[in-house]
Structure formats: structure tokens, C-alpha cells
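A, B, C and D label the chains in the order they appear, each numbered from 1.
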Amino acid sequence: MVCESLIKAAIIGGTGYTGSELSRLLSVHPNVDLVALTSRQNEGKLVSEVHPFLKGYTDVRFTASLDKVSDMDVVFVATPHGVAMESVPGLLETGVKVIDLSGDYRLKDIALYEKWYGHVHRDPENLLDAVYGLPELFRSDIKGANLVANPGCYATSAILAIAPLMKSGSIEDDVIIDSKSGTSGAGMVPSPRLHHPFCGEAIIPYSIGTHRHTPEIEMAVGMFSQKRPNVVFSPHLVPVIRGIVSTCYMKLKGGPVDVGKVYEEQYGNETFVSLVDEPSMRSVVGSNHAEVGFKIVGDTVVSFGVLDNLVKGASGQAVQCMNLMFNMDEASGLNFPGLGV
Amino acid sequence: MVCESLIKAAIIGGTGYTGSELSRLLSVHPNVDLVALTSRQNEGKLVSEVHPFLKGYTDVRFTASLDKVSDMDVVFVATPHGVAMESVPGLLETGVKVIDLSGDYRLKDIALYEKWYGHVHRDPENLLDAVYGLPELFRSDIKGANLVANPGCYATSAILAIAPLMKSGSIEDDVIIDSKSGTSGAGMVPSPRLHHPFCGEAIIPYSIGTHRHTPEIEMAVGMFSQKRPNVVFSPHLVPVIRGIVSTCYMKLKGGPVDVGKVYEEQYGNETFVSLVDEPSMRSVVGSNHAEVGFKIVGDTVVSFGVLDNLVKGASGQAVQCMNLMFNMDEASGLNFPGLGV
Amino acid sequence: MVCESLIKAAIIGGTGYTGSELSRLLSVHPNVDLVALTSRQNEGKLVSEVHPFLKGYTDVRFTASLDKVSDMDVVFVATPHGVAMESVPGLLETGVKVIDLSGDYRLKDIALYEKWYGHVHRDPENLLDAVYGLPELFRSDIKGANLVANPGCYATSAILAIAPLMKSGSIEDDVIIDSKSGTSGAGMVPSPRLHHPFCGEAIIPYSIGTHRHTPEIEMAVGMFSQKRPNVVFSPHLVPVIRGIVSTCYMKLKGGPVDVGKVYEEQYGNETFVSLVDEPSMRSVVGSNHAEVGFKIVGDTVVSFGVLDNLVKGASGQAVQCMNLMFNMDEASGLNFPGLGV
Amino acid sequence: MVCESLIKAAIIGGTGYTGSELSRLLSVHPNVDLVALTSRQNEGKLVSEVHPFLKGYTDVRFTASLDKVSDMDVVFVATPHGVAMESVPGLLETGVKVIDLSGDYRLKDIALYEKWYGHVHRDPENLLDAVYGLPELFRSDIKGANLVANPGCYATSAILAIAPLMKSGSIEDDVIIDSKSGTSGAGMVPSPRLHHPFCGEAIIPYSIGTHRHTPEIEMAVGMFSQKRPNVVFSPHLVPVIRGIVSTCYMKLKGGPVDVGKVYEEQYGNETFVSLVDEPSMRSVVGSNHAEVGFKIVGDTVVSFGVLDNLVKGASGQAVQCMNLMFNMDEASGLNFPGLGV
């Protein structure tokens, strides 16, 4: 591949965990030139000084904001909810493609957004055009998108497990999702809950019924299956760094259904979603791979969605979307296995 | 209390985690003299050599079997399922009281035992008389018992959360229990699943729908509430050493019910079960205390049972039962707080 | 023991980890009545609300400051370095005995204090009378003390391993101490270094050669052995919550010496320090017990000091000192074994 | 590079952690075709069934032994010490290049081997020709080698920190190495020490003065610097999965020396060894990168070697050696950053 064809990419908000993970993936992506990262607090510093694992992989310095957006092909927005929608409209006007990793463009229903996020949505126009960036379910939409709303980590793990069954018509509407997440999902800002002596030997349920991924899961499964589920969602923090297991409980309606076949038909040809007998978190950690598995207990299907919250649950999925948006091999730059051990 | 009144206690199977935890608790119990522990592999060794944390707390040596049972007041049986029922009948014949920490005397229905445990029950007579040793629900029965079947760790955590609501008549029969346990619950024998590089950064669902605590929970809740639930039980291993959080999902029937009041009436006067807003595993770890908490999400009650699987989930509860069986202060030897940090 | 004889104790700074651990120990101490705890941020709240593991063990509320000090027998000062010496002089004037858990009264040499702590010492008079509170080495001094400077956690673990050998005259002056500590030693305030995603799978050397326990170890070993060592001290943070292992390297002078006998003579009769072949951190965690062990490699003695940094390394040792200061059984309220598992 | 030029590689002992990590690296190496893996216990099974993270990356099945070695270019031997030297001579006779990851060909001195490994060396001839595979120190030798003895994980971390200073002539001969390792270094076979409830919250010193990497470090530093150090080596197990920090204590002779410059001159142009102010284990975990850093405390240099024990400490370094042996880009297949988080 010749140099001219490299996609020029930038990251707004390159200091946090999703921004840093994006820089890790993009700095070795064979088709990408990572040309800019912004960070107010680190302005002027080498990216490799702030993220020492990137020493030798990038010589870019953080800037306070993006210049020359017109020279770029894609901008990843890795700023907090509410902040992203400040910069997205301007970016789109320049013609650059945008992938937003916050929650600002995920919920199509503005009233729902404002209820769950607690503030007014200030970019309803672009919200209309935004595509929910879960490639295994919405691939063709992503290919044509100018603005992708990258899914949440919990949401991705649960949607992968629920959507095919909901679409098959074989399960009831009520779905219980009991998720267990590693701590990196909570971001890089120290807090009492993430303080090691507090969480290092604890299992911590939180935001039961109030977590923002609840309406996101309901919407995405609904869009895919034409049937919106009623979700009870319970996240738990557990002392691992990377990784989510979402255990999903769905009641079978009672008709004949081959659950394994439903999943197989949905994911049999996918590179990044495998149907497994026994979920294995360490098999996906460090990679863009996800696993889906299930057991049937009486009339209940217990399904698992397993992934690395920073890769398939965030930055890796964003890269996967970028690959689609630019008609590249969907696996480019992501084609490596999980750590295993 | 004068010296003559010390209760003479022995432990059969003193090497494993429940046996070792029992010896830790009994060696400082103000009303107990721990006179004997058996272990075939450690016969002749000082208990404090095998369990170095007991140095200075006991000078007993392991024996291969119990002599002079007639001199004892209580024997704790901490051997594996299927092995316990070999020794229990003989012990009971001598007149000693017995607390069995295995699953052998928990399920009143022999057919159910044989289905879930995979072998014939060889002591159906004593099974009839065995009392399920969960003091907060079956206190008066325990006081008069000669044989107590000490509950399972997962079972205790779930039953505490479910039983009061089921008894109140306010919830449907179908109950989903999603449990997360520390690794000490799996015992002291090394195995691939408990190998640190395998489980140290993983969340591992296992035995979905096939775990033996399923019928135990159904039975115990049924006995207490006169209403047997249908349980879907999913245990998960997480990388902490001690502690269980069981997240229980129950659907409200729809009539008026004050869930908090139901729990408060059940546990308001209990020493070892607290009703809390936010569960805190570290508050109970190292102690016999348990916590119950809940959230209501739509028509679903999400309840938590939290405890230390080796104490309230096993050996501490056994000591609590012993205290009741001998008309002592129920909290004797257990009256200390969890680690907190 | 009759009620009148209970020692009235208070804690200044009851919110942090050492204060909370003190409250855990004192609330079940058979000879102590914990009458007051201060906390500006939690003024008016129940202690058991802030520290939920104390529910049922104390009904005291936090106050902003101590009233009626004259009614008390002992005050534990658990405030940060530099703050403690603000309150200690006033307390001592009332005649109450004081145990300070900060570093303010540990270094007898004011110039050394000001060099390592970076500020002026404002209470040099009481510093003269303060006794270094390591009972196994300075028991008789502690018995008569009005002000005890409770040792640092790292310091205790290293001093126990080094002091007897230094006193025996068999080792050179240069000592290397490589310590590994659990994260609770760093206190309860969240920080980037203690953020779980940062430290949960990392080994973090820090403050090499600049940690304040360096001069403390040199001083305490020097006082005990009449020979001040030259210490190179390297602390490391590892992802456990409680526990320190200090690995100490000392060069033998070459004359005949029985290292095991030196330790045995020093600690053979001690309740809380055991000489062991293989150190076992879990045997001491949760308790006031410490372990010392050693190997000889060529002409180097590699010695270990192992303890729970919050108990024998802080609050437990403070209680042990209190017991001595009030002529009680030294082990009162501390006479229970470590967790083991 | 065209397809015909792919190097055909095989792994003997493909089930264990080093074998599995090799398969993870080689299956995505752009210049390698991984054609065979042996495993007696998994004979006939798909590699991707045993190592599920390789699903989609290899369709090779395990065989009991290697056929058609003559078709291969390189064989990695990942069997235990003592077993490797059974297969190496036959492999070399076929003309294939061999990289042995065991300790069988590391110690040039047969007497030393037999003393530390406890059995006779049965292939002294090939031992003579084996090259110690630490590229940063012995690059030119590795390029011409037919048999490479891949270094141990602890050894690599310590040698990188010690060798340049020893060669500079500025330090004394006595070196203390205090190493802390993640648990994956101990291999995949479950054992009491690696059982999660035992090691999950513990710091475990072991094999003090008796670990086999002691003579390996002495030999390799000696070969490189023409000056053999006297090493006291203390390994410790800590509850992380991947990663080693070796803290090395060396005494400066006293002449003028710029320690930073010594390291900079040695590693300034290296791809995989960085000189850092603050070591960061998470920056190297998952990658072939290592870090070296130091502090000077009085006349003592405290140096750190940091790496991922399974990559730079084992399988990654083996791939780096292979790249050199076949005149490829030394970083081929290894040119990706550590996890960071």
C-alpha cells in the first residue's frame, strides 16, 4: 500500500482511557496516519511522554485543539458526554467523518437522551443522521455514515447476546442483564469507588436500574429486531482491569427454537464475534474479539456477552467502524488475538 | 463462665478451608475447648504447623480419626459431600451433637439429593431429623437439634435476600439469582479454574442451572415461606478471595408492598443480618455479618445478599448454630466486625 | 472486669484508614470504652454510618473536636504528619496519655525530622519525652510513657528483621531493605497511583531512597543495638490490600553466628512476633501478628519482616502500646489469629 | 515479502504458557507460517480449541510429535528443563534451526548445569555451540546461530539492568537482585502456591538463593562484561498475571561515572529496551518491550528491569531471536506497544 492512501486520523480527547486506547490501535494501524491528538492539560507534550507505551510508535505532540481539520479524513471524539456535541457539528461541516465515543449521539429519541443524561441535546440535526456503530448488527448503515455513535461497553456486550434472540421472535420482552465489568470502564479519573483498597477485593453493584446504557440497549435491540425489550440492567464492578461479562436472562415464549442456530446464523461469518460453549474473558482481553454463549435452564435462556471494554467495548469497535466507513478490510489493524493468559 | 462449662468440640476434616476456618473461630471462642481435629494426610502434625496462623492458639495435633467421642459435646463434620454421611450416624449414636458442613443433610427430599448429588443417600433416617442451620429463619428448630445441616455459602446469601419477600406473598415464583463468589468458596484443592493466571483477571460463569445450591435454595425458601420458588441460579467466579454477592431478581405481583419494611421486620433485630442501602462486601469480610439490600426497577425487585463465604457462608454460621444448640449467646465468639478495609 | 475499670479512649482523625482500624479494634476491646472520634467532614454522623462494619459495635457520633479530654484516659492521634503536633501538646497538658500514629514524634533528631518531613517541628519539648512504640524492642520504656510515637508500617516490618542481628554485632552496617506493600498503606485518599486500573496489575517502585521511614529505621535499630545502620530503602506497591513483606539484605561480618538463635532469643517469648521458616502473609493479615524469617546465601543474610500494615504496622501496634501503658495484658483485644485464607 | 519466503515454524510443547504465547505471536507474524505444534495430551485437537483466542488465526491441529522436520526452517522447543535436550540433537541434525526456551542450553558450564538442575546433561556437544539469546547483548552471535538458548524471564529482566554497569567497570562484584514476578511465570500446572485463595492477596518470597536463574545471570553478565558478578537473587511471587520488576542493588566503586549515560549508550538505539525515569509495568505488558531505570542512593545504584515475562521474558524474545537468525527485521511481528492500561 502506498503512502498516499493512508487515512489521516485525529483524536479529540487523547488523554483518557478510550483516547489512549485509540492511539495505541491507530499508531500501528497499517492504513492510518495518526496526525493529531488534543489534550488541554497535556498541550505541547509528546504523546509518548504521557502514554509511555507509545514511545517509538508516534512522535505527535498533544495540541489544545485541532487545526487544519480540512486535511483530515476522520476525527474520533473521545470527550465526555455533553462535551462531544459541542465539537461534532463544526467537524462535520468541514466534511470530515466523525466517530463519537461518548453517549451524545447514541439515543435517537431526544427526550430519552435528556431524561437519562440530564441536560439538553444541542445538536438534534446531526443526531438524526448518526448511525449506531455496532458493525455486526448495522454494518451497511455504518458504511455510508458520516457520523457514527460508537456504542457503550456494557451495551455492546449485552446487545450482542440479546438482539438475535429478540429478532427471532422466540423470547419475551422482559430481559434482565446482570453485568460485571473491569475497572477501566470507569475511566482514568481517581475516585473513592476505584481506589484500590476499596475495590481490590470487592464486588460492587451500582447504578441498578439507573445506568444510561439501559435505554441504549433497549433502542439498539429494538432497531435491529423491530421489537423493543424491557430491560432491567444491573452493573457490577469487579477487581479486574479489562473485561466485561454480561449475563442476560430471557424467557422463551415456548415455541420451537434452536437458540444455537439463531446465534450461529447471526454470527457464523463474523470475524469478531464467536459463539462459544464456555465464555473465556482472557481470550478476548487485549483484542477486538467478543464471545457469545448460552445455556438453557428450564424456559430461561441465560446468554453471555464477553469482551474487552476498552477494545470491542470502545476504541477497537470505533476502529472497526472507521474501517467500514472507508471501505477497508473491516479487520484492518484489529486482526490479532486476545492475550489468552 | 467457669472452666468446667467449656463445650468440648472436635472437627472432622480439619485441613480444608471450612475446617481451617472453624479452627480459627473455635480456638478463640470463649465457651469452647477445641479438643480434636482429624486429617489423614496431616496425622500427628501440630494443627499450628499446618495452619501457621494458629500458632499460639492451639496445641492440638491432627489425628487420623476421632477417639473418645463420648467425651465431646459437639462434632463439626467438614468432609466432602458423600463422605459426611459415612461418619454422621455413628457420631449421633454416641449422643454427641453434630453440625455437618457438607451438603449431605440439606435436601430433605432423598430423590432430589440423589439427582443433584449423583449418588445414593445412605442415611435417610437422620436426614429426617436434620435441621437446616440458617438461624435467622429457623432459629427455634436449631435450638433443639441434634443434627444441623449447615447451609451452603451461595444458598445462604440468596435465601436471606429472597425468603422474606417470598413469605410476604408479594412476588412471583420465578426467581433469578446471579451470584458472584470469591475463589475460596471452591476449596483448597488446586485446579485449572482456580489457577491464578487463569482466574486472576477473569470473570468466570460456571454450572449455570446445574449448581447444587439451586434445589437447596428452593427448598429452604419454600420451608420458610410455604411457597417454593422456581430458581434459575448462575454462579460466577471473580478474583477476590472471600466474599459473595448474590443479585436476586424477583417480579412484584403488583399489589401494595413496602419491600423495605418486609426486610426490616424480618431482620431488624438480628445481630448478623443488616439491611443496607448500598451493599459493602468489605464490611462483612472476615466476620459473621451479612448484608441485605435492594432496589426496585419497574416491577422488579433487585435484592442483594452479601457475606463472607467462609464465615457466615460456612464456618461462622456453623458456630452460630452451635451457640444456639447449647443455649449460649448466639453471638458468642462471633461478635467482631468485618475488616472494613 | 468491672465496668468502672474500662479505659476511656478517643481517636482524633477517625475517618482515615488508621483511625477506622483503631475504631474496629477498640470497639471490641474488653477493657476499653471508645467514647469519642473526631472528623471534621463527618461531624454529627454516626461512626457506624461512615464505617458500616461498625454497625452494632458503637453508637458514637463523630465530633469536630474533642470535648472533655479530662474525662479520658488515652487519646489516639491519627491525623497526618505535621497536623498531629498541633494537638498533642494540649492533650498532654490535660494529663491524658497520647499515642500518635503520625511521624511527628518518631525522629528524635529535630534536624533529621525537618530534613525528611520538610517543615519545622513545633513541639520539640514533648519530642524529647516521646517513646518509640515498638513493644518487642522498647517494652519497658513504653510502659512508663505518656506519649508514644507509634512506628511506621514499613519501619516496623524492617526493624523487626534487622534489629536483633545488628545488636548481635554479626552484620555490617550497610543494610538494603526491599519492601513490598499492599495499597491500604497509602491511605484512603484516591490518587492516580492507587487507581485500580493503574495499580491493579502492576508492581510499582516509588520513593527509592527518599522514603521517610529510612531515617526512622536507622534511628530505631540504632537505639536498640547501639549501632546505627546505613539503610538503602526501596518501597514497592503491589496489588494486595493489606500486608507488607520487607526483604532485608545484610552482610555477615564473618565470625561465627547462629542467626536463627539470635532471632529465637529475641522473639522466642513474644506473642506477636513469630520466627518462621517460610513467611506467610495471609497468616498475619487481619491480626496483630508479625513473622520474621531468614535465609543465608553465601555471606548475606536475607531476612523477612511480614505483617498487616494496618494492624501490627499501625493501629494494632498502637493498641498493644496502650495495653502496656495501662498495665494491662499486652495482648488484650488483640488476641486473635490472622485470616489464614 | 512474497509468500514463498514465509519461514516455516513449528513448536514442540505447544500447550504450556510459553508454547501458547509463541503460537499467539507466530500466528500473526507476517513472515512466518506456523505449520505444526506438538502436544501429547491434545493430539488431534485443533490448536484453536485448546487455545480459544487463536480461533480464526490457525487451523493447525496438535500432533504427538513432529513429522517432516526437513520441511521446516525453525523449531521452537517449549518443553520442560531436561526434556528439551532429548529432542534438540535430532532436530539440529536435520539442519533445522532450533530455539530452546528451556534452561537446557543456557549454562555453558556443564558442572554448573548439573549442580543447579540436578541431573546429567546429555547433549554437551550442542551446548558448546548454543548462543545465549539476549539480542541486546549478543546480537551478532545470535545472527549466526543454529541453536539459541532463550533466556529465562527473571534473568532477562536482571541482566538488562546489570550488564551495562558491570561492563563499565564502575560497580563492585556483589549484586543483589530482588525480583517480583506475576504468576504466569510459574507455568500452567495448578499447584498450591498458585492457587488463587493462597496467592491472590499475598507476596510470596521463594527459592531465595537457590533459584536456577542465579548462575544464568552470573554467566550472561560475565560473558558480556568480562566480569562475573556474585549474585544474591530473591524471587517473589505477587498477584499479577504478567510482568516482572527486578530491583537490582549495585555498589559504585567510587570513581566518576554517569550511570544514565552508560545505559543510554547501551540501549539508546534499541527498539525493545527503553531507559525510563519511572518504570511502568503496564506499559510493557502484552508486548516485547522492556524498561530499564535507576536511582542512585548514596553509593548504591538501584536499577530496575521491567518486562512481560511471557513476551520479552520468553516467547517474544524467542521470536526476536528468530528474526535475527533469518536476517529479517528484528522487530517483525513484535512491533506493537504494551497494553498501557
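Observations, loosely collected:
In the analysis below, a residue touches a chain if its C-beta (ideal position, glycine included) is under 8 Å from a C-beta of that chain, and two chains touch if they have at least 3 such contacts.
Keep in mind the model is a prediction, meaning the values are calculated, not measured.
Chain centres here are means of the Cα atoms, and by that rule the chain farthest away from chain A is C. Inter-chain centre distance (chain A to chain C, centres taken as mean C-alpha positions): 46 Å.
Inter-chain spacing, taken between the CA centroids of chain B and chain C, is 35 Å.
Taking each chain's centre as the mean of its C-alpha atoms, chain C lies 40 Å from chain D.
Listed for chain D are residues 17, 182, 184, 188, 197, 201, 239-242, 280, 282, 341, each touching two or more other chains.
Arrangement of the chains shown, judged by which pairs touch: all-to-all, with no pair of chains left without contact.
The touching residues of chain C, when paired with chain A in their complex, are 17, 182-184, 186, 188, 190-192, 194-197, 199-201, 239-241. In the complex of the two chains, the chain C residues touching chain B come out as 17, 20-21, 24, 27-28, 51-57, 184, 188, 201, 241-242, 271, 274, 276, 280, 282-284, 286-287, 289, 310, 335-341.
Chain contact summary for the complex, chain D toward chain C: residues 176, 178, 180, 182, 197-198, 201-205, 208-209, 230, 232, 234, 236, 238-243, 245, 247, 249, 279-282, 285, 295-298, 300, 302, 304, 341.
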